[in-house]
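Labels run A, B, C, D, E and F following the written order; every chain starts at residue 1.
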Amino acid sequence: MLETILGLAADNLLSPIILFFVLGLAAAMLRSDLSVPEAIAKGLSIYLLFAIGYKGGVAVSDHGIDATLLMTLTAGIVLSFVLPLIAFALLGVMTRLNRTDAAAVAGHYGSISIVTFVAATSILKSQGILSEGYMVAVAAAMEAPAILSALWLASRGGGNVADSSEREGLLREILLNGSIVLLVGSFLIGLVTGKEGLAEIESFIVAPFKGVLCLFLLDMGLVAGRGLRNSRGTLTAGLISFGIVMPVLSSLLGLAAGLLVGLSTGGVMLLMTLSASASYIAVPAAMRVALPQANPSVYLTMSLGVTFPFNLTLGIPLYLSLASFFGN
Amino acid sequence: MLETILGLAADNLLSPIILFFVLGLAAAMLRSDLSVPEAIAKGLSIYLLFAIGYKGGVAVSDHGIDATLLMTLTAGIVLSFVLPLIAFALLGVMTRLNRTDAAAVAGHYGSISIVTFVAATSILKSQGILSEGYMVAVAAAMEAPAILSALWLASRGGGNVADSSEREGLLREILLNGSIVLLVGSFLIGLVTGKEGLAEIESFIVAPFKGVLCLFLLDMGLVAGRGLRNSRGTLTAGLISFGIVMPVLSSLLGLAAGLLVGLSTGGVMLLMTLSASASYIAVPAAMRVALPQANPSVYLTMSLGVTFPFNLTLGIPLYLSLASFFGN
Amino acid sequence: MLETILGLAADNLLSPIILFFVLGLAAAMLRSDLSVPEAIAKGLSIYLLFAIGYKGGVAVSDHGIDATLLMTLTAGIVLSFVLPLIAFALLGVMTRLNRTDAAAVAGHYGSISIVTFVAATSILKSQGILSEGYMVAVAAAMEAPAILSALWLASRGGGNVADSSEREGLLREILLNGSIVLLVGSFLIGLVTGKEGLAEIESFIVAPFKGVLCLFLLDMGLVAGRGLRNSRGTLTAGLISFGIVMPVLSSLLGLAAGLLVGLSTGGVMLLMTLSASASYIAVPAAMRVALPQANPSVYLTMSLGVTFPFNLTLGIPLYLSLASFFGN
Amino acid sequence: METNTAKRVEIIIEAPMEERLTSALERAGVKGFTVLPVLGGTGRSGRWSREGQVSRAGGMVAVICIIREERLHDLLEAAFKVVKNHIGVVSVTDCQVLRAERF
Amino acid sequence: METNTAKRVEIIIEAPMEERLTSALERAGVKGFTVLPVLGGTGRSGRWSREGQVSRAGGMVAVICIIREERLHDLLEAAFKVVKNHIGVVSVTDCQVLRAERF
Amino acid sequence: METNTAKRVEIIIEAPMEERLTSALERAGVKGFTVLPVLGGTGRSGRWSREGQVSRAGGMVAVICIIREERLHDLLEAAFKVVKNHIGVVSVTDCQVLRAERF
């Protein structure tokens, strides 16, 4: 199996997607002034959420709703609630973060990164492996629960969590977070309009998808690189190790859950990827509001500078190999 | 005929375009933080004007200039001048707006909304109904005259219209408004470069068009929803009724004009749509300068929050049915 | 040959690309409020650099590295170093610019304009003429050397060039300039991923390319027109003449170099275009830092308002004719 | 030109807190304010920049509020409650305004 | 560092009026000003935000102008003429400037 | 609300000089500043606007820095060195700040 993993990883490392991420990373590290305007980065992410959500909905409308849908959703939500607890324990062992910082970081690892998910689906596609269309909905469902776990972890230690006036509205904010709404909304529209609808907008959301993804990853590389450059000193060996160990651990829980639920190989691999990925959009924003004492440069650097590149380069091929090996 | 209307409306309501508008509307109403950056929204609108103008020009260069072109242009300009007068009278009966606000609102209903026009052409296309390519030029011609009518209406009552130093340059501003210049310019370039030119840029302006339109309508839904949320209390029953009655009335005048001029069924339907639609780009900006006392939340909410959704969902199918029924 | 030139020029003048540039120019001159948001303009330029760099890399990976690659790179770098010296001498004869302004302008003419290059490749493509894929790398190599020549020219006269604390980092900044990094990076990624990689992102970077270019040229027209409008008085007859004579002169040196090196007809024409084009992104930014006393409205207007339109409309057809005539 | 004295309050705060701050200001009776975008900055929590960012987390906004002197206290109380556990800067300047009846 | 006293004028005005305001300032002899973007705000005419907007109608800009004290009166006269029928806020602050010869 | 006096320094400078200015400020011991985008402006070198621009050359940014009075001199020295050959405007205003311990 090691051979398969290595082969996949090598293929993966030389895909345009990864290389553009590396280009961005390198440019930022070398302090080039290359940058993607904020509005363009947001525009690209709107495009990706729109396309991935819609295509997921069409897939479900096409293949029908699988009996395992509800179970997978439940599994995803449970994982999102539970993974932060594991992460928190692991952080206590592996690092010297204080309780608030550890809780904030833990929350990121319970939630998901949609670009990691997209990169995984794009590898599946290039390998010709099918997956359940509703995994997009599972992704959306896994965004928020981890935030609640993180807040609970922080408050348990008497941590100075947002007072009630600040917490008020936080739950609404989390659930109605722009990326969740767009993903779920596009999914539902895809479900309703189906193949016919897809035909109308296919040449916008299917053909150019991978090229747009390259640009987005260029930008992610730039942001990650800038973050790494500005956070020298933040990243200890313990944190870096955590940023690699945790996703692998999470992916194994995802594997178990996926097999239990009876997902296809592609579906198992996507659930593993979702479990392994760490949020860098929804959770950081929630933490700024609800756990202002937590140090953003810790959680942002961990999520975007360590775990995201790991998943993108080595993690995804590993998860695919494991899923293929154990899957049916 | 009612059956046709209902069938069309049902089809229409389940098109991705409408559903993305509804998604935006719902997200904004629920106070999700989903938003499209201003620069992206402007970029999308530049794309739409560029594409629709260019394709219109190519269509004319292809089919030759119709004998009715000049007559249709004239009809459009007359409608744009006259519709505000009718709207103003109707507002006097149906609402309690003061003269300045009523004049400002009336101006919006004489002018046109290019996205409504685009949505109408996209329905025509999906129904396989042809229309005159120069309707785009008619759209451009109908943008400005209504503004002059509105100013005249406001000044007649001694309304505190912009003093001369402010009015100076206003006419130039209206006629050289960015959206008119881009639409007319692209139209002329399409006319000159024709089918050959189109072949070069087709995969940019034809294939992805509908997908881009979906994103733009998502944004319009967000803006409309935010407007509606912030303007609670502004919208009286009288105003809402006006926002639905007026476009239907205008469309009938458009129908008469279109039949008189001898447009094709598709052309009649587009002239009806143009008459029925209310401006939300060019006219609001002109009103800010020339009628600063008019309340922007009234005219913006009417145009974007009431009449635009009405036209998009029920109006356009209705106009198409009427045009098919009376047209040749 | 004159006939060929005129024929090409006429064809060229009626291409959508040129016409959209003219539209932008006209709109800005007439003080229309048409404008492209800054973020969108930057996004478009990122797209163009990404696409042109990547396609260049794929072309090289496909055809293999030509024996002339190194020689062409060297020729390009030498041209970039030398052209400013010629430009400076010519400015001394033709205009009354002071030494600092003349040095700054000279620097622009040694460096290159990537959009002019793109416009040239797009004419080559439409004429079915092949060219060396690595010309993109040559373009990147020619961006920076001219800046050093310009600074040397300015300092020679005891000009108040940036003091050491300001110069510190300038070289790094020039070489790691965003557009160079993106162009070279995309080129290398294209080289590594080759045809297979291209197949994945082709429908993003090939098909819509020309349409995006039209929008970008619309924006360039707007910016150029705004610049011309605001710089009335800056442009003397001498400066305008220089803005036309210099590119033709440079193109002849490019022609000689290209023939010497043994490039194909297409390659010769591109080297001529690179020599003839004047920078308006990298060099102006460097001049603001290193030669703050130089008047930006002189060099920006010359580069974007005179030489760019000249190259776009008449220059490129002329260079193509010359290259075809002398090339093999 | 008749001008009157007033206070210009400038609050630089994390973007995700904007909504909470402006709501608190409104509850405290503040009738008008203006929000400016911020590109980047440096502080005790390090350097940041909006370039290429998708999440609102790593960004700030500047809220400017012109207010009569006698209402300053309430505004600062309200602002302080929101800002207290957060990064961000609150500064107050004396100013003169035209059309004082508006404030 | 030698500094001199001057006035900092800040005018927040509807975006469609920007051109008219800056022309009026120039006619009144104002030699320099800087225009900042505005994201949103609240006032008597309600809340607004630039997000997703295409039209310039629903937006404002902030014009900042540093000026010698003795020229303030002319500037305010000119600004007031443009602003008077419009929404928008004009505030003036005392400041110190480097390189006073520029103003 | 307890407030303390401080200085608000506003530096409007060419965008390509931003990095140099902020580095100089940091070297001079300035702990915090905020960078605002600028849309356009007018000065002795003419009118400019960011609209549709790709190059950073034709643009400026505004750097705002709140600082204790006793550190103003160092800041101005540092800023002046960067600004001196460049276009741009430096102004200083008195202000009151909350949480003075931060500055």
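In the analysis below, a residue touches a chain if its C-beta (ideal position, glycine included) is under 8 Å from a C-beta of that chain, and two chains touch if they have at least 3 such contacts.
The chain lineup, named per UniProt: A, B, C = Sodium-dependent bicarbonate transport family permease; D, E, F = Nitrogen regulatory protein P-II.
Here the structure is a predicted model, which means the values were calculated and not measured.
Of all chains, the one whose mean C-alpha position sits at the greatest distance from that of subunit F is B.
Using mean Cα coordinates as chain centres, the one most removed from subunit D is C.
At the interface between subunit D and subunit E, two copies of one sequence, fewer than half of the residue numbers in use are shared by both copies. Centre-to-centre separation of subunit A and subunit F, using mean CA positions: 38 Å. Mean C-alpha positions place subunit A and subunit E at a centre distance of 44 Å.
In subunit F, the residues touching two or more other chains are 36-37, 56, 93-94.
Contact with two or more other chains is made by residues 33, 35-40, 42-43, 203, 207-208 of subunit C. Counting only pairs that meet the touch rule, the chains in contact are A-B, A-C, A-D, B-C, B-E, C-F, D-E, D-F, E-F. Residues 35-38, 41-42, 45, 160, 162, 165-166, 169, 219, 222-223, 226, 230-231, 280-282, 284-289, 292-293, 295-297, 300 of subunit B are the ones touching subunit E in the complex.
On the side of subunit F, the complex with subunit D involves touching residues 1, 3, 6, 8, 22, 26, 31-37, 61, 64, 66, 93-99, 102. Note for the complex: subunit B touches subunit A at residues 14-16, 19-20, 23, 26-27, 30-40, 43, 126, 203, 207-212, 214-215, 218. Of all residues in subunit D, those touching subunit F in their complex are 10, 12, 36-44, 60, 62, 73, 76-77, 79-80, 83, 89-94. The touching residues of subunit A, when paired with subunit B in their complex, are 37-40, 42-43, 46-47, 50, 54, 172-173, 176-179, 181-182, 185-186, 189, 192-193, 197, 200-201, 203-205, 207-208.
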